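Take a look at these structures.
Below, subunit A partners subunit B and then partners subunit C, in two separate complexes.
Up next is the complex of A and B:
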């Protein structure tokens, strides 16, 4: 083993050691002083009774014929006293407690990648991908496929079986057979042979998307932005010349023109053109710097949110969010 | 010393960053926030509308951006609720729908006087991105025949007279990418002149500023702008300042300051190491 890999191994062990020791101290301290990782809830009864006109109104004394259900509200740390627990008005929610621990453990699994790739991270990553794909598929079926396709082709069936609020009076809309056929053609991608059939709906989809987007970009990003870039360089107000708006307008114009000249590669960047292109590079660098700063801010905000969850909701070091 | 610094394990930097973010959270460090003119543009776009105006809120983000965008989304909800605006919620991202539910929870717990169907309503996720926007600018029922509870829009008081989103007084888009603010600008704000404001991630913010003021009435860029927006609401409606849930973005500015300070120090240190190494012929 060479010296560099031995140093890396020692560093690895030291970093893991520090993290585990800090984590263990925090966990033990928290569990000894608060209800770490516990979620306590109070039940809330909802009940509605039908009046003579058939309309429902809320009632405090539901009968067996009324519609009633119970929801559970999380008790904040500040309200969870020993008296509240002893009185029985708050109960420990095992399902939410398990969910909380899973969320905390998976957060730590994902963060563990910063120390180095490991099986815990890979497991958490696979869980995220799997659950996201499953969730999106279910949402797609119930929010899109059923109401917007099946509901148009078999409205009576969909209204009876799935969506009683749907208006089925329009009857079957035969035009929707076309997207149904395109979907079936798309599924040929999964067949061992006949995969070429799926290229037709893909081509249709790409063509539609390209056309759609081109209109949007031309109107909003080309024409409207050219219009927005044409501004008066000498701005006047009620009392005559106004400095800062004029200064901003000059900067806008110089930055736009010089940055565009930098991307003009048909002529060699020499002389005045070269100097202007160099100014353009400076403006581009400032823009990239601003983007980098914003990106750092975003990433720190995400880390802060997860740490707030760990320290608040899980460990109860700070009031839960 | 120079050799040690040159070969320092990057994981030490991660550990320092973790501490830089964790310590201000545990110490509950909050710094004063100055409200920028850009944030006031967004605030005024909502504040200047007559009470009870119609506002479409599209949550185009998912849990991956929740830490950055949920505070401003919740601030939009609180501001609209205080003003008594009619709130129409939708999502162009499949995982945006649960984010909308968090705002609905806020309305139900903090503004119990508001009634579902009369003051706020939720539409389910629909696939298609810009195609959804394009459709609802012409025909809302062509895409959303029912609300998220399965009730026909014709039977909901606040939707029965809405033909399309051109009937909205304002669109608020909270965006983490594509589809998001860019698509709302391209397919709703620019062609139909519907007043639109955006709250977006830091990564997107520099791309959105050129749309101000003609195509966007304002942009909240990342968590800093969200903190400023919370401060602006606190100034006009002091009662909300006592709600700790309404100070989420302001709370996250403490870790931001310390972490950014660390970043600046590391960048300066890295440059010093580079120049010294070059001078000694080590680089």
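Up next is the complex of A and C:
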């Protein structure tokens, strides 16, 4: 490492060191003057009693035979006064408080990538991969696998155990053994040999996707967009011709047609076709510029929300959301 | 067996869905096929999860560089699965309080909700938010008004960016005559989004739709067999 890069690294470390010390001081100051990073909750009792018909209804005076549990509602900062705490109606929620701190720490871990790749960022990245994969799988199993597969193969069991509101009158539908078998065949992909067996379910996927997408795109994109593009270029109102709507309609039509001509690669872009394609590129550039502007603003809005979380919900420097 | 059967499966499955759109009595076939598709998609998720665990376990057993992060990944994956699948912390549905597992798996206060709220949301939203820095710095380095096309992109991006902020209104406050108010960035943004942007997006959408139709037809007619692999 040469001297200049070493000096740059040292100054970077110094700057970040100072930022962390200032941050720690602010955190200690905030904790000593407010309820920084604390989540307070109030309990809510839920109790249900069985009627003569076996159906349950809510009750305010539960007995030992009734089914009851407690849920907790977060007390907003604006309502969390010393009187509320002293009265004992609000309690500190340790699970949510720890969660709030972890969320803040993980946010800072990701933010630390601005300094460069580092162990904190890699740790957070590994957590994203693990939790996201698990989360998606849980959603798939509870939303699709249980009602659509188990619910068809063992409707009685699923109705009794998981989905009491499910209609099980159709009985067992043996046809649904096929997707169950296809799933098992799909898992052969994990085997060292016999991976070709997974081609059957993959082929099913591809076939369904091709058929489904073809109809979907023709209906929603091709036909609908062409239909929307056919607009009157000469717009009239109560007093006859109206300039601006007509102008806009012309621009819209020219933009659509010229941009489509740009995508027409079967003929060389020369002469009139080439000039039209050039105009098409201009409109496409405007489209990309607009998309870029929107994307950047979307990301900045996300960043603002995270900063609001850090400075509001966690540090209480600003009113929390 | 290895290539012909999958080819037939793909063609039949695709045509069943196509037919279901045109023949009323075949409508149920299409719905069933879509249900099977959704079920198989969950199977693919399970396969993905299995693959994730397999790859990271291999990394851990080989003690390859960064294997500690693989432990974190597997730990988080298994933890999320346990909390979600066993509905830890989930209360029964209030209509069926006697059925213990009838509650919503993402109920407020439950284990999976805790993971989602305090781990997945902050981590993923901050990751996306970070792109704001990188997109902005990349744009600063790459955007140069070298020619007409680049200038159009640059100006449009600037107008749309400012048009969505208070600055887009504030810059023109007090001095712009009423007849020229359309020049305000927020008004220009609206026009750009509604007219030229709609035209360009429409052309791209139509192009994509034509591409999807062509690719789908190639698969359904057995012309494109790339999904069958090599052997």
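Of note:
Basically, the second predicted complex is superposed on the first by the 282 of 321 C-alpha atoms of A that agree within 3 Å, B and C clash if a C-alpha of one lies under 4 Å from a C-alpha of the other, contacts with A are read in each partner's own complex, and residues count from 1 in each chain.
The rule we apply is simple: contacts are C-beta pairs under 8 Å (C-beta built on N, C-alpha and C of every residue); 3 or more make two chains touch, one makes a residue touch a chain.
In this text, all values refer to a predicted model and were calculated from it rather than measured experimentally.
In the overlay built on the shared chain, the residue A:317 is in contact with subunit B alone; subunit C does not reach it.
Residue contacts after overlaying the shared chain place A:21 against neither subunit B nor subunit C.
By the touch criterion defined above, A:242 lies against neither subunit B nor subunit C after alignment on the C-alpha atoms of chain A.
Look at A:233: by the touch rule set out above, it reaches neither subunit B nor subunit C. More residues of subunit A are touched by C (comparison of subunit B with subunit C).
Judged by the touch definition given at the top, the superposed model places A:140 against both subunit B and subunit C.
In the overlay built on the shared chain, the residue A:296 is in contact with subunit B and with subunit C.
In the superposed model, A:71 makes contact with subunit C only, not with subunit B. In the superposition on chain A, contact is made by A:99 with subunit C only, not with subunit B. Legend: residue contacts after superposition of the two complexes on their common chain; A:181 is shown touching neither subunit B nor subunit C.
Common to the subunit B-facing and subunit C-facing surfaces of subunit A are residues 114, 132, 135-136, 139-140, 144, 148, 163-165, 212-213, 217, 221, 225, 228, 287, 290-291, 293-297, 300, 302-303, 305-306. Across the complex, subunit A meets subunit C through its residues 46, 48, 50, 56, 58, 67, 69, 71-72, 95-96, 99-100, 102-104, 106-107, 110-111, 113-114, 122-142, 144-145, 148-149, 160-165, 175-176, 178-180, 182-183, 186-187, 189-190, 196, 199-215, 217-218, 221-222, 225-226, 228-229, 248, 251-260, 262-263, 280-297, 299-300, 302-303, 305-306, 309.
Across the interface of their complex, subunit A is touched by residues 9, 11-12, 14-15, 17-18, 21-22, 25-26, 28, 64-68, 70, 94-95, 97, 124-127, 130-131, 134, 143, 145-146, 149-152, 154-155, 183, 185-187, 189-191, 201-203, 205-206, 210-211, 214-215, 221-224, 244-245, 248, 251-252, 255-256, 259-260, 263 of subunit B.
Only residues 8, 11-12, 15, 18-19, 114-116, 132, 135-136, 139-140, 143-144, 147-148, 151, 163-167, 212-213, 216-217, 219-221, 224-225, 227-228, 287, 290-291, 293-298, 300-308, 311, 317-319, 321 of subunit A touch subunit B when the two sit together in their complex.
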